[in-house]
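Order of writing sets the chain letters: A, B, C and D. Residues in each chain are counted from 1.
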Amino acid sequence: MDYHAILEHVLADIEPEIGCGRVADYIPALRSADPDRFGMAVADVDGPVTGVGDWEAPFSMQSVSKVFALALVIAADGEQVWQRVGREPSGNPFNSLVQLEHERGIPRNPFINAGALVVTDRLLSVTGDARGAMLDFLRAESGNPAVDFDPVVANSEAEHGARNAALGYFMASHDNVENPVPQVLEHYFWQCAIAMSCRDLALAGCFLARHGVRADGSRLLTRSDAKRVNAIMLTCGTYDAAGEFAYRVGLPGKSGVGGGILAIVPGRCALAVWSPGLDARGNSVAGVAALDRFTTRTGWSVF
Amino acid sequence: MDYHAILEHVLADIEPEIGCGRVADYIPALRSADPDRFGMAVADVDGPVTGVGDWEAPFSMQSVSKVFALALVIAADGEQVWQRVGREPSGNPFNSLVQLEHERGIPRNPFINAGALVVTDRLLSVTGDARGAMLDFLRAESGNPAVDFDPVVANSEAEHGARNAALGYFMASHDNVENPVPQVLEHYFWQCAIAMSCRDLALAGCFLARHGVRADGSRLLTRSDAKRVNAIMLTCGTYDAAGEFAYRVGLPGKSGVGGGILAIVPGRCALAVWSPGLDARGNSVAGVAALDRFTTRTGWSVF
Amino acid sequence: MDYHAILEHVLADIEPEIGCGRVADYIPALRSADPDRFGMAVADVDGPVTGVGDWEAPFSMQSVSKVFALALVIAADGEQVWQRVGREPSGNPFNSLVQLEHERGIPRNPFINAGALVVTDRLLSVTGDARGAMLDFLRAESGNPAVDFDPVVANSEAEHGARNAALGYFMASHDNVENPVPQVLEHYFWQCAIAMSCRDLALAGCFLARHGVRADGSRLLTRSDAKRVNAIMLTCGTYDAAGEFAYRVGLPGKSGVGGGILAIVPGRCALAVWSPGLDARGNSVAGVAALDRFTTRTGWSVF
Amino acid sequence: MDYHAILEHVLADIEPEIGCGRVADYIPALRSADPDRFGMAVADVDGPVTGVGDWEAPFSMQSVSKVFALALVIAADGEQVWQRVGREPSGNPFNSLVQLEHERGIPRNPFINAGALVVTDRLLSVTGDARGAMLDFLRAESGNPAVDFDPVVANSEAEHGARNAALGYFMASHDNVENPVPQVLEHYFWQCAIAMSCRDLALAGCFLARHGVRADGSRLLTRSDAKRVNAIMLTCGTYDAAGEFAYRVGLPGKSGVGGGILAIVPGRCALAVWSPGLDARGNSVAGVAALDRFTTRTGWSVF
């Protein structure tokens, strides 16, 4: 399979959509992103990685980090986390408090903000350093020691973090937070503020295409757990557009408001795409279009 | 692949779960189902069908019929139906009015009751006989002319159909019903009341494993539309347990409160399973367990 | 107290607000109302009635009828109705299904549509003719045998009654309807379609100012029940603006989308006002303003 | 009017209800309250105060403090506060986040916790010391310099204040908080933790019966504003039981989970009652019963 040729075709196909949508503006540090950037990378399960466009430019991971936090907490702590967070699509905008209240402080899934706070809280308990554990993992898998936190973004998140603070305190009021809320928030904000390129992200996520096996051949997740993380990405990975993403792209995927998306073709490859213009539901317009084209051209949907 | 041997193993594995759960009791006609029944069938994309247990005993399709209604309306009418129904998981019990009100009469997806009423309404407009069109299709695909409506169930549905009537009138108040509400309800109740066996259901659903191609080699859906129907089954097919079903089974599936489930292994086979005992979310306990075992034994999850 | 002089002052005060707001348009028969009409009448507990403007022109009662249905059902059936309907403000737009679902088919209060359907259903069971019982009462209290149903409005309500049908069937699905839903709806629509003037309405409602005593000196309600109906009017009588109405006017009141409002000064008088222009919550703009001015000028708020 | 005789009768009438209900247990400091305590006091607009039972024993004000915070902020700042908080009954349990989210951070009324936080926030901005301003006012009106904060209760509130913190941060995320959230919470918790007796509370609340005039004859609120505060008490003062309270008691009232209730007979007197056993909605069982009996015996409902 000539990945590079496919990516070139995909880029040509979706060029008109680059620059569409709106750059995230909920924190000042993201507002300055250039909507005309676009990058895409593919990491094959057997190692090679290739890309097109701005595929080596770092961007802010944002919610894409949630899938790594989930994998790390399952690796370290097994099934425990499912006592404190569900596995169902939310059917509501990604940071809704309504469902959380209705369900007594148990977030619907680990990819809405409330659920990710629970995962980070648990990862913090288990590792002692949730953000550090994630950074170490991402550097190791990408082979790039320059992957790092962006302190400007992290501080901006904290300054505008009232809504996440509300989620954290709300869950604390239901005894679903183990560590002090401000500490959990800090680790969460720093995880979201990790910057890395499509190249690095595709490499880092490839363990999910390899059924749980890391770049160095060691196993992070059991085959069964890797399959399950993919299932949760498919049903819950793109905010309130998971049904639409499954319908159009047909792959497990996790998006972030920085404009990045990680998608998995189980057994074959991991895809990373980035373009800052977002649709109304917070997913990259050009990114979703590119994944749509990729699966159409290759026929590699899971369905 | 020796399907029969696998099914025998699956049956042995899940035997303790047969009889677990509660038989649906919302209409009298379903209450009398025997909780100790269990059947399972596999229809290969190349034709052969085999099964174990009560795989040739007819049961009430109930909501499994919704996937056929959707396929038939897309086949007849293309993308039109998506103007009137969404594609997102509901995140609420299957017959909730809340979300419907919040979203102005547009049901979240075609597999919740409200969405299925919209699909039936449109199928009625397009074919002139929604229930007849479905029955014809099911008979043709299964090769079994004895597949038929169960009038006792249909009348029982109608007698206890106040909630579906509420859904219908509510959508009518939002101008999302084309035909008279009582007529739409009648076709909907009769569709749900079709009785067929696991054997017949696996054969009838196999066009989704064949990427849209019917038993006679003609095409019902484009490859792309077949893929999309599978995607919707995976994200929305098992009421408020779609995330759980994807996590455990990892296949597109559609369940009904009669205890039946249709699941698709794209490119390989269609699976039908039936056992009347339901879990709290309305899915067959032994049925889900059997599909879980099947995918574990074969490794045929989509993830 | 020279009521006529006060009403003249009130009319002068609020003249600029006549014609403001929007005429109800949910049924064609109400759309043709002239927004520049305004009438107001006061009926003293001792008998005399006087008015200004179009105080003798008949208008459509709409939801003002709900307070008479409630009084009649309490008179005929005592406290029974409170098993099937609550007494709390709804905190939601007047015809919301959300709360009804959350509270298992028990409407929050008798003045939201769902609650009024329950009251009419019970009044139908008790009297055999809910709409006839109301018409008889209104004619007797007003002394005007010309008070009558407006069949054009009644039929228009029925034609556009899908939402009320949805409410009715929804409550039926919770076993909170005794009579066939279509019959309950018919009586409800005809009650709402009664046309009467401010003069007639003030006279008809004066039993609530007389602590339960009718125009002929006989008792409809106990003193305690009359007080309670007034309390429910104050907390629930003006849709989702009950707090605002209490804040501005400070009297028990019941409004209708025909532009009419009945308000009670306990022990003194009943006020009826009519002007078709409605605010965003469905209350007459000039009507609320006139009542506000009346209580300011007289100091007759209950607070 | 011989208030003391009436109170004696009331006490005899409701004696069986003393000890009913459950003492508030959401913070440890309230759990130790003795459910068998009961006190009631009446302060006449002309000055005299009398009582029965434990009418001179201090108890924790809790939410009764909200009515004083509202009056003080209106006195200091006029109508400004209504830009940031509504005036409608909530139709939901008293600390619900759902409505707050639906209405973009504007609490429904000043007597739900979220609304009270907004009032305290504004009072803090205007006075520089929200809790101090309230304490000064209560001491002056009651003539009792021993009225004071209970630091054990205040600290217990803070320790178990995660839910109120969630409310505060949630509103901050909607730009509806002016001061740092922790500071607002601290003033709010200390206001709730003021301890005073029925005697002191009746005297302190009597300005609402005197149409805004303080004990020393000076005016705190205009007549119109005093009327309006009473209106809000009636429609919103007893959590999700305002309709029920209006129906049974028929007076403006504000309750607290410490078991206290302040009720106003406009133009006549202020009533304070205390008994720690609460009903399911958080109102004192014996307290509501006593007010019900008082209005029945005197005929002094506002309706």
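Keep in mind that, in the parts below, contacts are C-beta pairs under 8 Å (C-beta built on N, C-alpha and C of every residue); 3 or more make two chains touch, one makes a residue touch a chain.
By chain, with names taken from UniProt: A, B, C, D = Glutaminase.
These figures come from a predicted structure and were not determined experimentally.
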Per Cα centroids, the chain farthest from subunit C (Glutaminase): A
Whole-Å separation of chain centres (CA-atom averages), subunit A (Glutaminase) against subunit C (Glutaminase): 55
Whole-Å gap separating subunit B (Glutaminase) and subunit C (Glutaminase), where each centre is the average of the chain's CA atoms: 47
Whole-Å gap between the CA centroids of subunit C (Glutaminase) and subunit D (Glutaminase): 32
Touching pairs - complete list by chain label: A-B, A-D, B-C, C-D
Subunit A (Glutaminase)-touching residues of subunit B (Glutaminase), taken from the complex the two chains share: 86-92, 99, 108-109, 224, 226-228, 230-232, 234-236, 240-244, 246-247, 250, 252, 266, 296, 301-303
Interfacial residue positions of subunit C (Glutaminase) with respect to subunit B (Glutaminase) in the complex: 96-98, 100-102, 162-163, 165-170, 172-173, 181
